[in-house]
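Two complexes follow with chain A in common, the first pairing it with chain B and the second with chain C.
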Partner chain A sequence: MSSWLQTAVERAADVSDGLALKRQASLELLCDAKWPTRKTEAWKYVPINVWERAELSGATNDTVSAPVIDGLDSLDVVFVNGQLQSVAAESIEGLTLISLSDAGAQAADLFGTIKPDRHLFGLVNDVLATEGVVIDVAAGAEIEKPIRIVNLLGEGAEAHTRVLVRLGAGAKATVIEHYSGNSLSRNTGFAEYQVGEKAQLEHYRFALQTGEAMSIGGCHVELAEHSELNSTLVGFGSALSRIDVDVTHAGSHAFAKMNAIYLLDGKELFDLHSTIEHAVPNGTTEENVRGIVADNSRAVFNGRIHIHRDAQKTLAELNNRNLLLSDRAEINTKPELEIYADDVRCAHGATVAEIDQKALYYMQSRGVSRAQAQVMLNFGFINELVDQMPNEALAEWLRPQLRERFASMEVK
Partner chain B sequence: MTEQIDKALQREYEAGFVSDIESDTFEPGLNEDIIRRISSMKQEPEWMLEWRLKAFRNWLEMEEPDWAHVDYPKIDFQAISYYSAPKSMKDKPKSLDEVDPELLKTYEKLGIPLHEQMMLAGVAVDAVFDSVSVVTTFREKLEEAGVIFMPISEAVHKHPELVQKYLGSVVPQKDNYYAALNCAVFTDGSFVYIPKGTKCPMELSTYFRINEQNTGQFERTLIIADEGSYVSYLEGCTAPQRDENQLHAAVVELVAMDDAEIKYSTVQNWYPGDEEGRGGIYNFVTKRGLCHTNAKISWTQVETGSAVTWKYPSCVLKGDNSVGEFYSVALTRGCQQADTGTKMIHLGKNTRSTIISKGISAGRSNNSYRGLVRMNSSAKGARNFTQCDSLLIGDQCGAHTFPYVESRNPSAIVEHEATTSKVSDDQMFLCQQRGLDPEKAVSMIVNGFCKEVFKELPMEFAVEAGKLLEISLEGSVG
Partner chain C sequence: MLSIKNLHASVEDKQILKGLDLEIKPGEVHAIMGPNGAGKSTMGYVLSGREGYSVEEGSVTLDGTDLLELEAEERARAGLFLAFQYPVEIPGVSNLEFLKAAVDAQREARGEEAVSSKDFLKMAREACKQVHLPAEFLKRGVNEGFSGGEKKRNEIMQMLLLQPKLCILDESDSGLDIDALQVVAEGVNSQRSPDRSFVVVTHYQRLLDYIKPDYVHVLSEGKIVKSGDASLAQELEDQGYAWLKEQRAADAEQSA
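Then we have the complex of A and B:
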């Protein structure tokens, strides 16, 4: 166990809340687990020592208001530096939002354990998370307003938060996970989603921390029969940014559409691991991941599709396309297929290249400046996925931010 | 259909017979003394022994890799005998007539054209029987062209300057666990040197065969193609049926100097074990080629054997404009496990690589493609295209793909695509409707699936590979 974890665990041991028992169990698992090094396959490209070495001053508990997204009209749950600051008070039929502390002893039964064999930091979060929220959507309820979980991280903060979302049969909801902060901080943010039969989840994760912020987190989604997931993930990369998305087709005929975008600049690092488990027949997965990597940054993508023996008639496709803008930038991508059933259709593809020089030339010949043409081409590459976001207000909010980022990205 | 599958599964391993030849075999065990003994048996010079011992000391500190998608009981390296030579070798045969008839019969059963057939086939064979090269044919004709083709143990004596310079230059001693082991205990293998501007007058070929029980085969191949030369090298492997697992940890090093071209083709048909997964060869092989400017290395492999395969023929594209190719067909059935693929390391400008991998899984086997394409920051204008296709036959097998793509140069273009499917019902229907029986139809479809790779094989090999596949697939699908 690393020294950072040692001290963090000691701090956590003093907390007594509804999760105490569960925390103890996870701690035991964690003590037995092997701490990752650069030789650990899943952490091969991530300098985990940066995480351990950082000395944090501890954050002041200021009241900060969540960034407003025009036209979104969301129900907000706001965490500031890992402390729950506010929960939307509006009462909506079929929706309950409870903080972890209000959930009391029953919280231990609610939260699962995040696959410790695969994600060590899920265990870390199990042990350290003392703040969180449980969101329940009753069967058949359709929640129109999107639910937004905001995590704001200030200088020196160390935050470990946990989210549990449960959609009853036939329910419909939109959940947005929104992380932001650009100064030295450390956070693990894990979210579990249980999507009931025929339920529909529209999910967004905006991992917009940049600069010195360090973040390791994940989303774990379990899909019941005939349920649907439509997920969009946007990552900007920071000193260390790692997200593990796990989707399990636990019921047949489920459908998962997953789009992910990462845009990196400066010395940023972004590592996205996605794992799709097809445990039952007739599931469908469509995953599209696109990234642009500039300057001295490094992107890592590991996309695994695992088709179990019984998962016949599965359709799964994964596509990862990357643009590399500088000769100091780096892309490491690994789309994996692990297939144990024969009557399936699976494909994956990955490409890495630079901006099409012919397209650049063409645009310049039409009077567009080179810099402008680059922004346009970059934007076009990414916008295809932004256009697919079902929530127009979010897309509108995102586009100028992307444009701003493209403008600062230089092609070298 | 089930009947046919059963029939196919119960098919006996055709190359499974034991040659009754007296052998000179070391007792099992591995320590510095054994290495000294191997070295003295071969009357090796001091530097060679030092090199072996250094590798052995490195090996002791290394850990057995566990990242591959294969599962097998831990190997007891002390239970293996590291040297075995047919006894009649002591007074070396001067010509084919002097070769132990038992030995020749073995080859005949395997269908190696070692006699007159060979003249017709125009193939020079350096046949490795267990550990010592038995006979090298066509050497004179090759000598005329200036080509050196001999057992590596002989090259150590006759061409020490070449061996010393290139041995371990492509696959360093510490490269991996099994390569280090091979450095310490390798007994024999082939050595090829093609002089400047020479096109090797014939295709070179080695047939490896493990015969003695509980012996590991650790052969070492070194091929050097000097500037502007060309060579095509064929390697075929097979082993008799044994109940215990046998270890095979070979190292192949290729050096293609400026403008040279090496074509390396393998048909591997080691014993895969019985249908319960008992026995069979553990095939842990390190193969790597180094390309200098404008050079080209092409790996073609057809893998149908071995209980466990762990093999990644690779190219280091060091020189500008160099080309690396990898064409592979891997077929697994029964309880076979294969984790195979390639590594293309692009260092030079405008380097190009192509990877075509076809995996076929049947029975309860697992077939994985694992590949790495790395574009270093110096690889300006480099290009890679990778295609991995998997075909599943039956619902108890597995097909997996683990491609690593690492790019550090924006002008480099990397493309990877992979698909997995089963033999389509439509195709089967169409073939049967035209009067083909299901077995023929599958064989035809699979042959079509592998066509891109087969066309890269030299003629004789392509025929053999096609047949091998056909036999292996017999009745797998109805």
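Then we have the complex of A and C:
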């Protein structure tokens, strides 16, 4: 066992709360788990030794205010270095918004029920995440205000937080997971979403950790009959940034639209593993993943679609497009299709492209400099997905940050 | 204004322009006609600085400036504008953003003050109106999903905003319905002035009924083989290009 995992397991022994049963089960799985090496396919490109070896000083728990998003009136839950700092107090009919430690039995219903046990760091989160939030939306309730979960990670922090969300039948809600930090830290952030019949979840995960901030996280969603997921994931790479996304069509006629964007520069790494399980008939998945990798960075995208034998009439489209801005940048994209039903429509494509020379010339022919045209084209490539974000305030907030990243990216 | 002398250019080792000469004075409108594949679009690309085209011989100057020395964007800033035969689609970059970047860059290069976003929006709306494009087209991706005719009108719209000195219109009339043809022609005519010149590449007399050219040239196999006044266009419309073959045969005989 890795020494880091060893200490994690030891620390876990001290945790005792209403989730003890599940935590204990995960602990047992962890004790038998294999620590990934460079030979472990799913972790091939992740410098896990960096995670293991980092010596963290432990962060001071300063009070930090959550970044403001203009025009967004949200219910905020703020974690600083993994410690809960505040939970929006406003009471809204049909919404239970409560910290994990206060949730008690309500949390036990949701904790670990959707996240598959195969995720090693999900198990780590199971045993170490004493902080987190539970969002429970009653059947039929439509929560207008977006709920934003902010995780701020400072120098030396080790943070393990959990998000548990349940949307009752016909409920509607928007949940934003917002991570940020750029100094040496370690964090696991796992979220589980149970989306009830005919419920609609608008979801965002902004994994904006950069620099030395190391993070391994997951979003795990289960869709009941006729439910809808509209999800946008944005990732900036860092020394180590990995996210596993699992969406399971557990009820038929569910619809999942998932967009993901990553923008990497320097020596950053971003690794996205996505698994879509179509377990029942008539489900639809549209997944669009776009990335730009510059300089010496590396993007990994592993997109798996698993269509079970009973999942007839499934419509699944997964598209991964990448722009490579330098010879030293790397993209490892791997489609995995497993189809056991015969009456399905499934498309899966991955491309790595260079910048469109014709478009560049067209823009130059109007007087725009080559360098600026390049930035505009790169931005446009990503902006197509930003434009599709249902929340305009979030899109407006994101665009300048993306632009700033592009401006520093060079074509080599 | 524009002076092209003995221009030889090739793309992918294929010689396309083989000694092109053209002199255009301020305020003049020159029409260029000629068979498919003659090199008309190539001329536009070479003048505007598209990569992949190499010039082996000859010179091109715009108001005395050597164009061939300049990057594509510098040529545009010097006042050259090419309305593309096949405008390029750029999804994700809005028409408005693109136009603003172009106008800003050109104004900056000329040492003029920047236009505020608000004023620019007004100007852009006005230009749209002039070519009968709904203002929504400003929000859409550049040429993204535009119909053939809409793309051509978008090109003219850009010309109206950029106010170039020399405009090369490469088949701006092809694919247009009858009303749109008039819209495009009016757009061009509204810009005619003693210090602005036009090169109108077209296959049809129709456009030239609206935009009266001072000269008409026939471009064939990479050079101008015949020049005349506006009546030459009508002649070509009636006769086609069969005479070119005979002329070529005669030339060949003579040199043999």
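Quick note on the criterion: the second predicted complex is superposed on the first by the 402 of 412 C-alpha atoms of A that agree within 3 Å, B and C clash if a C-alpha of one lies under 4 Å from a C-alpha of the other, contacts with A are read in each partner's own complex, and residues count from 1 in each chain.
Methods note: a contact is a pair of C-beta atoms (placed from the backbone, for glycine too) under 8 Å apart; a residue touches a chain by one contact, two chains touch by 3 or more.
Given the structure is predicted, the values throughout are model-derived calculations rather than measurements.
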| item | value |
| --- | --- |
| Chain C versus chain B, contacts on chain A by residue | B |
| Partner chain(s) touched by A:70 [first = chain B, second = chain C, both, neither] | neither |
| Touched partner set for A:338, first chain B, second chain C, both or neither | first |
| Touching partner for A:363 - first (chain B), second (chain C), both, neither | second |
| Which superposed partner A:380 touches (first chain B, second chain C, both, neither) | second |
| Contacts of A:330 with chain B and chain C, given as first, second, both or neither | first |
| Which of chain B and chain C A:372 touches, first, second, both or neither | second |
| First (chain B), second (chain C), both or neither touched by A:144 | neither |
| Chain C - residues contacting chain A, complex | 48-51, 71-73, 75-77, 81-82, 84, 87-93, 97-99, 101-103, 105-106, 109, 141-142, 158, 162 |
| Residues of chain A touching chain C in the complex | 356-359, 361-370, 372-373, 376-377, 379-384, 387 |
| Complex contacts: residues of chain A adjacent to chain B | 41, 309, 312, 322, 324-354, 411-412 |
| Chain B - residues contacting chain A, complex | 67, 69, 375, 377, 390, 392-422 |
